[in-house]
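Alright, structures below, take your time with them.
After this come two complexes, each holding chain A, first together with chain B and then together with chain C.
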Partner chain A sequence: MQKFEYVSPTTKEQAVALLGENWGDVEVLAGGTDLLSLMKDYITTPRRVVNLKGIAALSGVRYSASGLRLGALATFDDVLSNTAVRRNYPAIWAAVEGVTSPQIRAMGTVGGDLCQRPRCWYYRAGYGLLAKDETGHALVPDGDNRYHAILGHNSGAYFVNPSSLAPALIALAAKIGVYGPKGARQVDAAEFFRAPGGDGEREYQLSPNEIVTEVLVPAPGGMKNATYEVRQREALDWPLASASVALKLTGRNVGAARIALGHVAPVPWRAGAAESALVGKAVTEQTAAAAAEAALADAKPLSRNAYKVQLARVAVKRAILAAAG
Partner chain B sequence: MKRLLDVLREDCRLTGTKEGCGEGECGACSVIVDGEVVNSCLIPVCQVEGSSVTTVEGLALNDQLSPLQRAFLEYGAAQCGICTPGMLMSAHALLLRRPHPIRNQILEAIAGNLCRCTGYTKILDAIAAVSSGNINKPDQSE
Partner chain C sequence: MSSNGKNEKYVGRPVKRTEDPRLIQGLGHYVDDIRLAGELYVAFLRSPYAHARINSINTDAARNASGVVAIFTGSDIEGRVGNVPTAAALEGLKVPKYPVLALGKVFFVGQPVAAVVATSRYAARDAVDHIEVDFEPLDVVVDAEAAAQGGPVIHHDFGDNIAYVHRAGIGDVDAAFASADKIVAQKMHHQRLAPISLEPRGVLASFLPGEQQLTLWTSTQIPHLLRTQVAIMIGLPENKVRVIAPEVGGGFGSKLNVYAEEALLSFISMQLHKPVKWIETRRENMSATIHGRAQSGVAELALKNDGTILGLRYTVTADLGAYHQLLTPAIPTLTGLMLSGCYKIPAISMVCTGVFTNKMATDAYRGAGRPEATYVVERLMDIAAQELGIDPVELRRKNFPTPDEFPFATATGLFYDSGNYQAALDRALAMVDYDKLREIQKSDTAAGRLVGIGVSTYVEICALGPSAAMPAGGWESATVRIEPTGKVTVMTGASPHGQGQETSFAQITADMLGVDLNDVYVIHGDTGIVQYGIGTFGSRATAVGGTAVVYATEKLISKATKIAAHLLTTDEENVTFENGVFSGAPDDKQVTIQQVALAAHLASNLPPDTEPGLSATYFFEPKNFTFPFGAHICIVEVDRDTGDIRIKRYVAVDDCGKVINPLLVEGQVHGGIAQGLGQALFEEVVYDENGQLITGTLMDYAVPKAHQLPRYELDRTETPTDVNPLGVKGVGEAGTIGSTPAIVNAVIDALRPFGVKHIDMPLRPEKIWRVISNQ
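The block that comes next holds the complex of A and B.
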């Protein structure tokens, strides 16, 4: 690992003052479960590392009448042990429970989950976010793309967003609290992620001198919600596909729906077509399957990942049925 | 920069803690920090300033193996042994929290520890034996 300066501020103001103007110059450290691997493999070589763990204001999970606040430093364990989360936000609870390693649950944080870098093996092997060889040829389309994107890869980014939490937050219309030199701002979870155009960019809407401080989830207000994940291994791995669903039922029919897929595109994938397909209908096996069909209608699998299309359909259908049930 | 794992092995010469993957995917490096099992390969040592760290070397008391360690010996829960220190730490943390776990709770507690040799059955048996008191006294083991 390259040498770096280590700083441990105690306030968010101090933290952002220590950040840099360019990505990669300074890195933020929370639980370290992703950053340490990236540094060890020289995927990032910061000159300074800013440890957020000393900033008490960024921790904690709090539920009140106005909704849920997850501090950026809340660990997966903090979220799982909160009974209000389990009761009111099963979509969040199930997404977090899917991270099965007790070690990662004890260390990994909410902010780190949202800002973790792609697990694409070309990226992790040093070929960059867009995974190109030295002649500029994209390696993923005819390479080993079995875990790559099946949607949203026309921008040239083929990795999948690795966050399990993000689809649940999008389905629940959460906002992400950000702090930077100009003060605090909030971004809709649905707008937070982006497909980067190159290695000088990130997969989320932060400036290099901003940090995530919290996640704010509106009061459930009768929104029934669920997450369903399809995994190859139950432990020590990311899902192959997942879906989070939030439904507002009026009588037996769906009045409003928000559906987001995970691990299928460079961003957590909002499935508008599936939402429209469901609204106004009662939730049945048939209507859930039709919505799942609509969610994947535009899928463009790569040479080795057509199987993910069906997995994603199953995830959408089962998440809808679980939310309604 | 040194990771907690490097300091334990190289500076403290506590080589019980192993390095497998170095990326959080195997649990061979598991230690207990302030009561929680964590991967020491993912922790910069500066982040544990002021914390209490227990490694596998901390399980034996006065040169007597702990009941859990004896159970691993007795039930053949180790083959190559690379996963064993981490497995012991996860099991130890579980038994501190929950002295009589059901089998599923044992499975969940060791979900972050990969074993390529044993097939896990003997490991589960050994941990269950400690919780049910079903192991020999120290003087009888060997």
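The block that comes next holds the complex of A and C.
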């Protein structure tokens, strides 16, 4: 691990002042479940590490009539142990419950989940976010791409977004609170992620000197919601595919639907076609399966990951059925 | 709880492990918990290449790095540290020289190239990055079967990559196949596995230059054998080397070895006159600790139409890796011994080709060659049952030897001591209500559900073993001593590392001596204290080491009886010993074993010509192996949409003979099934086409986690054995051996609607889904 300076501010103003102008110069530490291994492997070699855990204002899980606030430093365990989350936002609860290992649930944070780096093994082996060899040749399309993207990879980014929470937050129309030198701002969860153009960029809409402070989820307002993860018992402890669904039922029929897929594209994938396919219909095995087909209609599997298309279909279908419950 | 003066015995009861309080509280001492003043730390530069020439090594920058004390490369120590030894002796075996640090070439990813010694483990690790090595990559041999056919040669002097060809089996196999009504054949792959002990390896070596004594704390299963080998490698007299295996956090065979690091750290401590420590990282553990299994072959079974087995043939390639570790070439020979399974098979033939590849060596991993045999036989039985249209249970029953046919001679040259295979199978079938289960399966299948029932009946070879069949002695030793205060000390040459013999050997001794369990202290794993022993592996510690404890205790009682007779002023033949008390006829005077012990030490009133003290040592040589057996039944359901496998029930009936402590037996079975299930469903060491280790961390190598395991429904049958007076057979590996085929058979059974004959392990859901969806 390369030597670095370690700072523990106690306010978000102090924290932001310690951040750099360029990505990678300074890294932010919350739960540390991802950052430490990236540093040990020299995937990131920051000059300074800013520990956010001393900033009390960033923690906590609070539910009120206006909705849910998850502090960026709230741990997975904090979220799991909140009965209001379990009752009103089963999509969030299930997504967090799926995060494996008690150690990661105890240490990992909401903000860290959103900002963790891709699990792509080429990236983790030092080939960069776009996984290219020294000649600029992309390694993923004819490499071992069994866990890579099946959607949205035309930008040249083949990794999948690793966030467990993101699909649920998008389905629930959450906003992400950001703080930087210019003050606080909010970004729709659905707009927060992006496919980077290279290693000088990140996978989310932050400036290098901004931090995530909180997540704000609207009151459920009768939205039935669920997350279904296909998490096979392989070593890689991230789901192979997941789907989060929020449904507003009018009588027996779906009045409105928001569906987002995880682990299938460089960004959490909003499945508009599946939403349209479902609206106006009663939820049945058949309509759920049809929505799942629609969600994956544009899938372009790589050489070794056709199976993920099937798993994503299963996730969408089962999440819809679970939400309609 | 005391049995002193009472009739209740400890043996057979679920006595809680006396080891556990310290371990649960984090108060045990593993190698890394032992800190010596002034200790230095070692970090290794390991080969990033599977096969490369080392053109040059530049250590200048690393030597100048902060905290660095010394750096050693292969050429620095050439001729000063002996090669890594192998104990396997097979006809025509090719043995490559295996230097403790690479010399000129590297042969597998993870091979040690240079050792950095520094004042802290961080400084040592950081300095490794400053060593510059000019590697020139060479052609890589990854696929064992291809390597046997030709292509690049790893060890040039040998001319090819074939380390040996081993033939096993008795009987006219060709005639058996020629006369068969039915022949079934299947290519099967036993993937490479990593043993993954929770505690990785670790070594602390401390040389005292004045005394010329070396103490080596190392996480090992064989402290005495290791002492002998390390002493030879570093050129110290064996009696100047003391090996201590402190708490050992799991071995599973991976620590039944002599590793380069153990000798090298000893050598470094001798050079620097300082204690030096190395604790293996998980990545090092994945790449440079032995792997297991890695056989690939075609298995064939010849039968009559009525299901009677006529012969079995197994033509197999064993992927040995680049070098031989201690038992590397010998492991597949155990497969050859066990190919008869639980069945009467008149003719058996195995031809095994051991092949060098640019990978870490394979060696003993829980089961060590026997799981491969059991899997081959049990898969063949299911395939044959399907093709003959016979229920798999009936086919097994038909070919079992009956209980009165024991001792049973196999066509692999073994004599199974005792067995009642029907009884174990019947019990397991009753537990699942097999006939009803098949009915339910029919209705489930009709409803579109994919439910499978897998049966495996196994027999294993344990209590290794008679010395004639072992490379370095198959006996075990024990010393039992009663101290002046009446406390009992047991020293066993076995080296338990999680199995619980501190408890079970105390149970045995406490019962025999009629003392309280808490008065017995079992010492093991320290060559400075314990008489020479062999160690713990091959499910031998209780059957062989426990028997040594029994005989040593008998010897001690015999001497104590003589002293007691003297104290009771009667003749020895008038003395009876029960529950810790000697009684002398005719007037029924009594003296306790503790009083006798004190008298033996005071020595002022002993019978003539009696040595003072009360201690006895016994070296037990077993006359045969033992052959535990059992029946495992697994019920699975496959998710049609994803191929995911859910284990609905798991039933295991094991016969390991008499049970000293049922808690320990159940623990062994639980752990064994977990590891067998890991092989069936999850685990696989993967090297890519360049010989790079892809599964270098626990992020990539899938060990089963607690929540992924089924609830175990266990029972036992108990068939006596006369191989040892305890009547125990060994149970350490039973779960691993019985479970893998039961699970695979269940999954294949669930996929019957798709006409599936076989799928190679691990049975990952994607493979299953491809079968279901015909992709």
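The rule is simple: the second predicted complex is superposed on the first by the 322 of 325 C-alpha atoms of A that agree within 3 Å, B and C clash if a C-alpha of one lies under 4 Å from a C-alpha of the other, contacts with A are read in each partner's own complex, and residues count from 1 in each chain.
One rule holds in what follows: contacts are C-beta pairs under 8 Å (C-beta built on N, C-alpha and C of every residue); 3 or more make two chains touch, one makes a residue touch a chain.
Not measured: the values here are computed from a predicted model.
Chemist: Taking chain A as the common reference, can chain B and chain C both be placed on it without clashing, or not? Answer clash or fit.
Modeler: clash
Chemist: Please indicate which partner A:310 is in contact with in the superposed arrangement: first for chain B, second for chain C, both, or neither.
Modeler: The second partner, chain C, only.
Chemist: After the superposition on A, what does A:282 contact: first (chain B), second (chain C), both or neither?
Modeler: After superposing on A, A:282 lies clear of both chain B and chain C.
Chemist: Which chain makes contact with more of the residues of chain A, chain B or else chain C?
Modeler: B
Chemist: Tell me which partner A:232 touches in the superposition: chain B (first), chain C (second), both or neither.
Modeler: Touch partner of A:232: chain C, not chain B.
Chemist: Is A:56 touching anything from chain B or chain C once the two structures are fitted on A? First, second, both or neither.
Modeler: neither
Chemist: Could you point to the stretch of chain C, among 225-233, 243-251, 387-395 or 423-431, that collides with chain B in the superposition?
Modeler: The stretch that clashes with chain B is 243-251.
Chemist: If you lay the two complexes on top of each other, which residues of chain A touch chain B in one and chain C in the other?
Modeler: Dual-contact residues (chain A): 1, 100, 234-236.
Chemist: Along chain A, where are the residues that touch chain B in the complex?
Modeler: Where chain A meets chain B, its residues are 1, 3-4, 6, 8, 29, 31-33, 36-37, 39-40, 49, 51, 53, 77, 100-104, 106-107, 234-236.
Chemist: Under the definition above, what is the set of chain A residues touching chain C in their complex?
Modeler: Residue list for chain A touching chain C: 1, 100, 121, 144, 146, 230, 232-237, 306-307, 310-311, 314.
Chemist: For chain C, which residues count as touching chain A in their complex?
Modeler: 126, 641-642, 644, 681-682, 688, 694-695, 698-705, 708, 764-766, 769-770, 773, 775
Chemist: Note which residues of chain B are touching chain A in the complex, please.
Modeler: 1, 3, 22-27, 30, 36-39, 41-44, 46-47, 90, 93, 108-109, 111-112, 114
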